[in-house]
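As written, the chain order gives the labels A, B, C and D, with residue 1 at the start of each chain.
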Amino acid sequence: MSEARSPSKTETSRKSKRSGPSALPLAGRMEGSVHVLLVRVYYEDTDALGLVYYANYLKYMERGRTDMLRLLGVGRHDPVAGDAEGLFVVRHCSIDFLGPARLDDILEIRTSVAGLGGAVLDLDQAVRRDGIDLVTGRVKAACIDKSGKARRISPKIRQKLQHLCVTR
Amino acid sequence: MSEARSPSKTETSRKSKRSGPSALPLAGRMEGSVHVLLVRVYYEDTDALGLVYYANYLKYMERGRTDMLRLLGVGRHDPVAGDAEGLFVVRHCSIDFLGPARLDDILEIRTSVAGLGGAVLDLDQAVRRDGIDLVTGRVKAACIDKSGKARRISPKIRQKLQHLCVTR
Amino acid sequence: MSEARSPSKTETSRKSKRSGPSALPLAGRMEGSVHVLLVRVYYEDTDALGLVYYANYLKYMERGRTDMLRLLGVGRHDPVAGDAEGLFVVRHCSIDFLGPARLDDILEIRTSVAGLGGAVLDLDQAVRRDGIDLVTGRVKAACIDKSGKARRISPKIRQKLQHLCVTR
Amino acid sequence: MSEARSPSKTETSRKSKRSGPSALPLAGRMEGSVHVLLVRVYYEDTDALGLVYYANYLKYMERGRTDMLRLLGVGRHDPVAGDAEGLFVVRHCSIDFLGPARLDDILEIRTSVAGLGGAVLDLDQAVRRDGIDLVTGRVKAACIDKSGKARRISPKIRQKLQHLCVTR
């Protein structure tokens, strides 16, 4: 565990590998301006009602957001700038639970940019099965720097997100 | 595992023990019309930012709701009727993340009844540290029967929740 | 939520879809007698040390086991027999944590059959990054019926697992 | 979120409060040389089998270990030295799942010191309900410094753990 903590040659080669083509299939895909990530429901996601536990949809949604930014090469997923371009943290979310997902389901996590402010990114997200939304949510994420302070979204990130913004 | 599945003498004595006084300290307490549950932040709750992962606040909030109903002897926590009185499942939540909780924090999960409809229960919840709200949320829960169908909140449950309803 | 509880036409078409080819890419692949599943590390998996939380490797390992059985069409993943062929539940595990995984890592979950008893399945598992094992484990799973009782592994399941057993 | 990141007057008073008497009830208690922590099973802990998900017992066990060290004022829970005295990370665990825990159960997490090496701490742990062990485990934890390097257990920590060691 000790050695692995300081970045090393292995670390570097690993990082470069992450942004390479082999990583892409796990990061979902863009369908027009909507990011789509497939996730499988495992036992860990369900609860004693036999359904996906309500907080776990927020995990799925975070996977979707993270992989959309990863695909776009934004923020900490920027292979050059990394964290310097800022991180996004959730300030607000509003979620509707319309129907339950179950063990073994394959779900589509759909993420689209609903708005882009000076320091704030609004996302619309949905968890869908067979074309039917089970959970929908609006998430407001704020851009922060490494010290946790709010910061303006950089022009570089703004440019990448702007053209996905459906209400621009 | 097999034997433990069918209710037995042990099971029965266990159930009765649960509603006994020894169980109460773990179910929080009422402060006027507000239910308060203390929770500790462990490694399992945090993420690589060093803060509590956003979806885990929803776990804390569910613990608070569950323990409020447990203290009131409502629904599946009714020592006689059990599930027959109905379960509550979350249909909507709206959450504001105001500030981060951290490893080792002791948090107060505060739950109060904000509204009581025919089949719907509105709750206001807050995650507080040292008197300051870190996360606040409004949760809309629907009453369902064992088969998952929506049902009216029974008079028995209604009576217990009504006098906690701050906006009644 | 109510309607979705009883199997319906939608349910049926969904089930059949699950065993179809579109589901396969999410279930990993066999490399000889070893099942390999790729998983991504998200914030939900990490803790305040900046590493994957130790219990979450067991989630990865369960995903690997489940998807190996799914690929083989074993037990609850049998498109015809379903649960009637039995479920596997973990009775024992022994895990070595050799090195940490981190946020954004892509990990290989490797699962192989180490032994096959009358009612017990032994599996060797590893969580690997860039060809290096980070976590290794031996898992002993017991076959149970729907009521939770131990049962012999059926000839049908045995046949499918037998030829993967490296020590047969 | 930004302000909360740098330690402040609030932070300091919070830290001192943590080690104060009000924090103790949440940290379990010693019964002779065994640490006992009560935990409640919530929906978040269960899975679609209606039982506690196997990896979640490891969360309970980590809560028990952490609270034992907290009660003893060891390592990062040392009110003066903090992290400087070292952290413990799990290198190996061996777990037997003897019987299932269920929703609403109150469980005793029992932790005792089984051995104390130069840089390694062996713990015996059990998850017990109504006097019956449901899960038992042996955990080997290594002492590391802030940089993640293995280090000898400090005399101060050793002294506190030594008298709990049942096999000393």
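Everything that follows uses one rule, which is that a contact is a pair of C-beta atoms (placed from the backbone, for glycine too) under 8 Å apart; a residue touches a chain by one contact, two chains touch by 3 or more.
As the structure is a prediction and not an experimental result, all values here were calculated from the model.
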{"item": "Centroid-based (C-alpha) most distant chain relative to chain B", "value": "C"}
{"item": "Result of counting contacting C-beta pairs for A-B and B-D, higher pair", "value": "B-D"}
{"item": "Whole-Å gap separating chain A and chain D, where each centre is the average of the chain's CA atoms", "value": "32"}
{"item": "Between chain B and chain D, centroid-to-centroid distance (C-alpha), Å", "value": "25"}
{"item": "Euclidean distance of C-alpha centroids - chain A vs chain B, Å", "value": "29"}
{"item": "Residues of chain B touching at least two other chains", "value": "1, 4-5, 43-44, 49, 55, 59, 62, 89, 97"}
{"item": "Residues on chain C engaged by chain A in the complex (per definition of touch)", "value": "1, 4-5, 10, 13-14, 17-18, 22-23, 25-27, 38, 40, 42-44, 59, 62-63, 66-67, 70, 76-77, 97, 99-100, 104-106, 129-130"}
{"item": "Chain A residues touching chain D - in the complex, by the definition given at the top", "value": "1-2, 4-6, 43-44, 46-51, 53, 55, 89, 102-103, 142, 144, 147-150"}
{"item": "Complex interface listing, chain B residues touching chain A", "value": "49, 54-56, 58-59, 62, 87, 89-97"}
